[in-house]
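Next up is a structure, given as structure tokens.
Chains: A, B, C, D, E and F, in written order; residue numbering restarts at 1 for each.
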Amino acid sequence: MLERRQIQRVVDMALDEDAPFGDLTSQTLVPAAAVARADLVAREPGVFAGAEVFEIAMTTLDRSVTVTLHLADGDSFERGAVLARVEGPARVVLQAERVALNLVQRMTGIATLTRTYVEAVAGTGARVVDTRKTTPGLRALERHAVRCGSGHNHRYSLSDAVMAKDNHLAVIPDVTAALKQAGVDLPHTTHIEVEVDRLDQIDAVLESGVVGTIMLDNFSLDDLRTGVTKIDGRALVEASGGITLDTIADVARTGVDVISVGALTHSVRALDLGLDITVS
Amino acid sequence: MLERRQIQRVVDMALDEDAPFGDLTSQTLVPAAAVARADLVAREPGVFAGAEVFEIAMTTLDRSVTVTLHLADGDSFERGAVLARVEGPARVVLQAERVALNLVQRMTGIATLTRTYVEAVAGTGARVVDTRKTTPGLRALERHAVRCGSGHNHRYSLSDAVMAKDNHLAVIPDVTAALKQAGVDLPHTTHIEVEVDRLDQIDAVLESGVVGTIMLDNFSLDDLRTGVTKIDGRALVEASGGITLDTIADVARTGVDVISVGALTHSVRALDLGLDITVS
Amino acid sequence: MLERRQIQRVVDMALDEDAPFGDLTSQTLVPAAAVARADLVAREPGVFAGAEVFEIAMTTLDRSVTVTLHLADGDSFERGAVLARVEGPARVVLQAERVALNLVQRMTGIATLTRTYVEAVAGTGARVVDTRKTTPGLRALERHAVRCGSGHNHRYSLSDAVMAKDNHLAVIPDVTAALKQAGVDLPHTTHIEVEVDRLDQIDAVLESGVVGTIMLDNFSLDDLRTGVTKIDGRALVEASGGITLDTIADVARTGVDVISVGALTHSVRALDLGLDITVS
Amino acid sequence: MLERRQIQRVVDMALDEDAPFGDLTSQTLVPAAAVARADLVAREPGVFAGAEVFEIAMTTLDRSVTVTLHLADGDSFERGAVLARVEGPARVVLQAERVALNLVQRMTGIATLTRTYVEAVAGTGARVVDTRKTTPGLRALERHAVRCGSGHNHRYSLSDAVMAKDNHLAVIPDVTAALKQAGVDLPHTTHIEVEVDRLDQIDAVLESGVVGTIMLDNFSLDDLRTGVTKIDGRALVEASGGITLDTIADVARTGVDVISVGALTHSVRALDLGLDITVS
Amino acid sequence: MLERRQIQRVVDMALDEDAPFGDLTSQTLVPAAAVARADLVAREPGVFAGAEVFEIAMTTLDRSVTVTLHLADGDSFERGAVLARVEGPARVVLQAERVALNLVQRMTGIATLTRTYVEAVAGTGARVVDTRKTTPGLRALERHAVRCGSGHNHRYSLSDAVMAKDNHLAVIPDVTAALKQAGVDLPHTTHIEVEVDRLDQIDAVLESGVVGTIMLDNFSLDDLRTGVTKIDGRALVEASGGITLDTIADVARTGVDVISVGALTHSVRALDLGLDITVS
Amino acid sequence: MLERRQIQRVVDMALDEDAPFGDLTSQTLVPAAAVARADLVAREPGVFAGAEVFEIAMTTLDRSVTVTLHLADGDSFERGAVLARVEGPARVVLQAERVALNLVQRMTGIATLTRTYVEAVAGTGARVVDTRKTTPGLRALERHAVRCGSGHNHRYSLSDAVMAKDNHLAVIPDVTAALKQAGVDLPHTTHIEVEVDRLDQIDAVLESGVVGTIMLDNFSLDDLRTGVTKIDGRALVEASGGITLDTIADVARTGVDVISVGALTHSVRALDLGLDITVS
């Protein structure tokens, strides 16, 4: 869940990175008294994400800047739509412009892409979830964008749920016993998920009695169906591995509960938004 | 220029974000004494960027981890190539894996894409440069990746060069006079670049006598050629605006000096690299 | 799970707080060349917690200090036992002494107290868990100490599990529906726990189908038994509210799964440890 | 002396620790528009400390929260007293509740305990002072709480006064000479206190002519009286070592000026305060 | 260019350094309700620099303090002039006084000194510039002060322009080739300046075709004139090395474009300003 | 007392300020493999201060750099003396050079100046002390430099001693009573100093019985003598206000104990030191 404090930290960091010792251009060429009005305009259709981020990015340098939001996070829009309007000292608006756009274009790109995946599985019970393949430093914002796109989040980090992958399992002599022990050691609130690569690994995992989700990694559609039947409600079933917009509907129809898609965040296409500025 | 200190800061931030209170999985399931060896393997061909980032990401949690680099930044590789090898406590290697990959895949993706643009203009005098459309927090790493791909960097931030865009010019009654004044006010080491949208704006800009680069924004190929002729060496000429891999060679052949391509960094496709881990 | 990085941050903060501009006494009165050897000695019996914290606290100011640990976290000890030995420049050892003791005495106090609670429920299936009533800034260390005392941890923070208390429920018109919706909105890895104050609230909670734990708050022993029977394995059962060392065994025998005890951390008695220093 | 800046830093740290990525519960289950009113109620009698801390803890997440204080720091109260009232968005009040209580309960616990010690020495000239056995990170708050309880503070840290303990003295061949030299080296504003374990050490200390306080460590009542007589006003006399509520009055009547009590802060019992919330 | 954020960071650091745990004096002796009015008064004539710094230093501890500025940065003033007026809680004004003065006296000292150098070269085309010999941590403020004194800034840091000194050149076998290569490698916006110690080094530098400024280091007036003639407008010419108020006019008349004066910032004489406080 | 941790923080800040995104010059022009040897050479005589600062400044960027110190802090040296030698990668040495010199030249300037003041009062009992007129951020270093010059330090900050000035006294109706109360409220280790402007203020101050030092501010030599006689050992006597090298001996001979000289740090002349680099 995205908090104002998290956004503020990202914005502060971004503004400092982009102007470590001031904005030479606006301070030299833009009169101190000039006021700018600007519209955040969509150059292509999409799903909005980052309304509060935009507001904080534009107002941090000078509290006299005002932002009026025309859309809310999760709203879809057409090309040409005005998502928000800014007004304030021209120097400040021009200095903050790039940081605001860099963040909001990325978030809106994620929301827009996520929506297409979610719509592809409409009517099945499957939820589309993100992964830990997020941009370092921007996870909170990117996960929020996934939710704006009607997607769901997976665990936030290594600290809030267990996900045992093939590499972890490889070092354990007795998987069932090790998972049982983990169930004893961990907080009772900790969800344990285990990734399996083959159908015959499922029994040992279920036998532990502590596993909440089994991830079927890179399974064929047939194997996914067999896996779902075999698990039979004793754990949630997550499909993962190279799932694309072309294949996700078929995957969803196998009856899995969760489909994780790294592509939601690992290779973000920034949606084309512009700030049309009128300086007066 | 990328420094170790900058990398360390990014890595620290990323590790903290990904495990605010420890890695539940490896601490619960991986024996403390287990040692892991892992290869950073290319799942597709590309141009390497981020060797030092990979090393720092893998060794920060525990100085006993060792990294052996098989390739250097800027080297191209084929699918299946082993770029580096890691060895150390399995818990630590598994905890750092995702952060290391998130950073290096992104950097290598940028270098690989940049190389294609640079190769497209080979033989012309034009340089391919990045923009400020970088990921907030990762600019130093992403710009380094552009250089690994044989691209060039534009100004680093708002603080180290002037770039007057249409929005800035819009508020200036007398552009020539304002630029002259900027030339007087700014350090003699500050490069002044001005963006023009039309050929008829060039004269006023050149007349100031202080402009080092004129950016021709969204010009047709014909207008670019006219602009180059008109400017005639009195300033560097930068072409910008929607230039793609399909069009860049033609743009380069108009005689411009610099071609800026936002796509190098604003919508990064992470290159597919994997960490093949052997825990023993 | 406690990481070296977390400990280091706490130790740095504590050393800075205790000597914002140096240790006047040791720098004035202790010869720079003096070497100190010191034993961390128990002045009363207990259960050790904080071995790595002690090591980091003693070595942070000067890497030439060495620490030899005689006991491991979780080991119990008698009065007079030597838990660890330090050797290094006397100025540094004397400067770090108080910070090291403040941290380790508190952690050992928690572990020792926790062990008594855990032993009181031995043979029942109930686990003794901590709460969020920890000292601000020291949660990671205090939760680790609880584990050293053979206790278990509850959720780490507001971010890694849901715990709906009476105050939350008070604002929800339809609890069953709201919980169902939360189950839809939250990551599939998020554990949902709900606190009830009366037996008749249980049905609505269970009906949601998404609740992993039901906390019975301030229930009589009879009501706890009734609650366990009623819930019948459909959720974990946590008992909470004013449970003391005198009452915990009876509570455990009602069949609850989890017993949360705020007293483990909210009013810590520092165990009496001393640093017996020989300066030479 | 406690400053708003110090409180803000502690509160920020505590809020971040308790919700590194948001409060899942209130954001999922509490309607965004819900408003909460809450009373900070005493569940047992005591002495209030932390009014400003409470206010800052409740208002930091959202400036629209208002806090009305009914008591001031140092006021005593009965069971059932309402110490303060809060009003604001329910999500925010519920998120901040635990952090606010964790801090204020601890501070009020310290003030309440301190008051009992202070009252026990009423009518003697002795002051009751705290020690450096405070919780790492919370020293400024805990020392303020001691003052709220009518106690006094000892030196703040290793940086603002000299306190030579047995360990320091052990390395000095000629104590008188060493103290004289310290008097020469240190700022003229630096108070020098020396701990002695035996009456026969007093002369050498006084002979230095620079010592402002002599601490008699673990002395019997008789030896304290002898020490006071022997020192005879040439330095302040501090009694220290295992002094309890049972023994402090007798210690005070020996004529010492200062009695330091580690128990004021080293093993804090959080006073039982609750936040009775009405969400509407 | 100086930004409010940079000033705030310096002020925060200075206030924390000067009162790590509060202002004992004002909190003990000054009544909480006392209000102070204070004038920032010049005890000698000068050129004002630091108006915004003064305002931020006085208002950071308590937003109820108000500052009225009577002069703007760059204004000159006589002895006795009132530069600004402050009003607010006496405790706060007295606590912030020293930090505010330490910063503004230093900045005003720099501006005043700079103005004398600038006036000495009036009528020549030369600009007087600062160097990197600034106080660590205060560069942004000190460079701003130079501008207030009508001076110009040199490059801000090692990151925004190239300055090849004798030490750099010493390691390069072929200077012309190395500079050419630097021109190829660096951003097209990066200004390259090269220091030469002898007239005969100029040709190799110019031959590279990429050098924007040639610094003539420690040249005689005759050699400066010869250098200017030789360079003949193909690069800017900077004179440097031991230039004083006595010699700067002659240096300027040699026709150089830029004269760098380390003395502007490396040995700042704080201008004598006082805060005349009326507490009521 | 200066600690390594304090130095490291200043050096980190200074290096980041001087190269926010790398050293363009050395990374472009200096071969990565080049090794530099450099001598820190005195261009004028002085008293060394900052040996450890120099070492940390040169080695922070790259631990392979080695520093050999030829002099210790407090040693005096002649023009031409080699104070220290550095060896390491040329890029790193050249990047750190300016930061190292900026710090050490300033510290050595302070030590050198202080020594002249201290020598001027030789044979009297008076100590020469610094003030809070230090450079924001550098107080710990500058005070250390004063000690290197055989001077003494005054209180470190507003937090470690009371200094009541005219502005404070102006708001107190009954000075004697207020000071008495401060003596009751403050830690028994807190030194109370009071500034008086006239002889007739002394009695009220002494009458409080809690004042350790009386500062005679801007007194004539005659009045200083009268003041010393009047105070008669009941408090230390500090002379302050416009004392210069010309007047300090006379002031010292009046019998005052402490002479505070703002000039030691408020207008530092950087001593001329150079780094003679041999790159090979």
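Operating definition for what follows: contacts are C-beta pairs under 8 Å (C-beta built on N, C-alpha and C of every residue); 3 or more make two chains touch, one makes a residue touch a chain.
A quick note: this is a predicted structure, and the numbers were derived from the prediction, not measured.
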Co-neighbours of chain F and chain A - touch as defined: B, C, D, E
Same-residue or different-residue interface between chain B and chain F, half as cut-off: different
Between chain D and chain E, centroid-to-centroid distance (C-alpha), Å: 45
Where chain C and chain D are represented by their mean Cα positions, the distance between them in whole Å: 23
Gap in Å, rounded to a whole number, between the CA centres of chain C and chain A: 33
For chain E, residues that touch 2 or more chains besides their own: 1, 19-24, 28, 156-157, 159-161, 185, 190
Chain E - residues contacting chain B, complex: 1, 127, 129, 152-156, 159-161, 185, 187-191, 193, 212-213, 236, 238, 257-258
Chain C partner contacts - residues on chain F that touch it in the complex: 1-6, 140, 156-157
For the chain F and chain E complex, residues of the former touching the latter: 10, 13-14, 17-26, 28-31, 34, 36, 90, 94-95, 98-99, 101-103, 105-106, 109, 132-139, 157-164, 167-168, 170-172, 178-179, 181-182, 185-186, 190, 266-270, 277-280
Touching residues on chain A, where the partner in the complex is chain E: 15-16, 19, 21-24, 27-28, 61-62
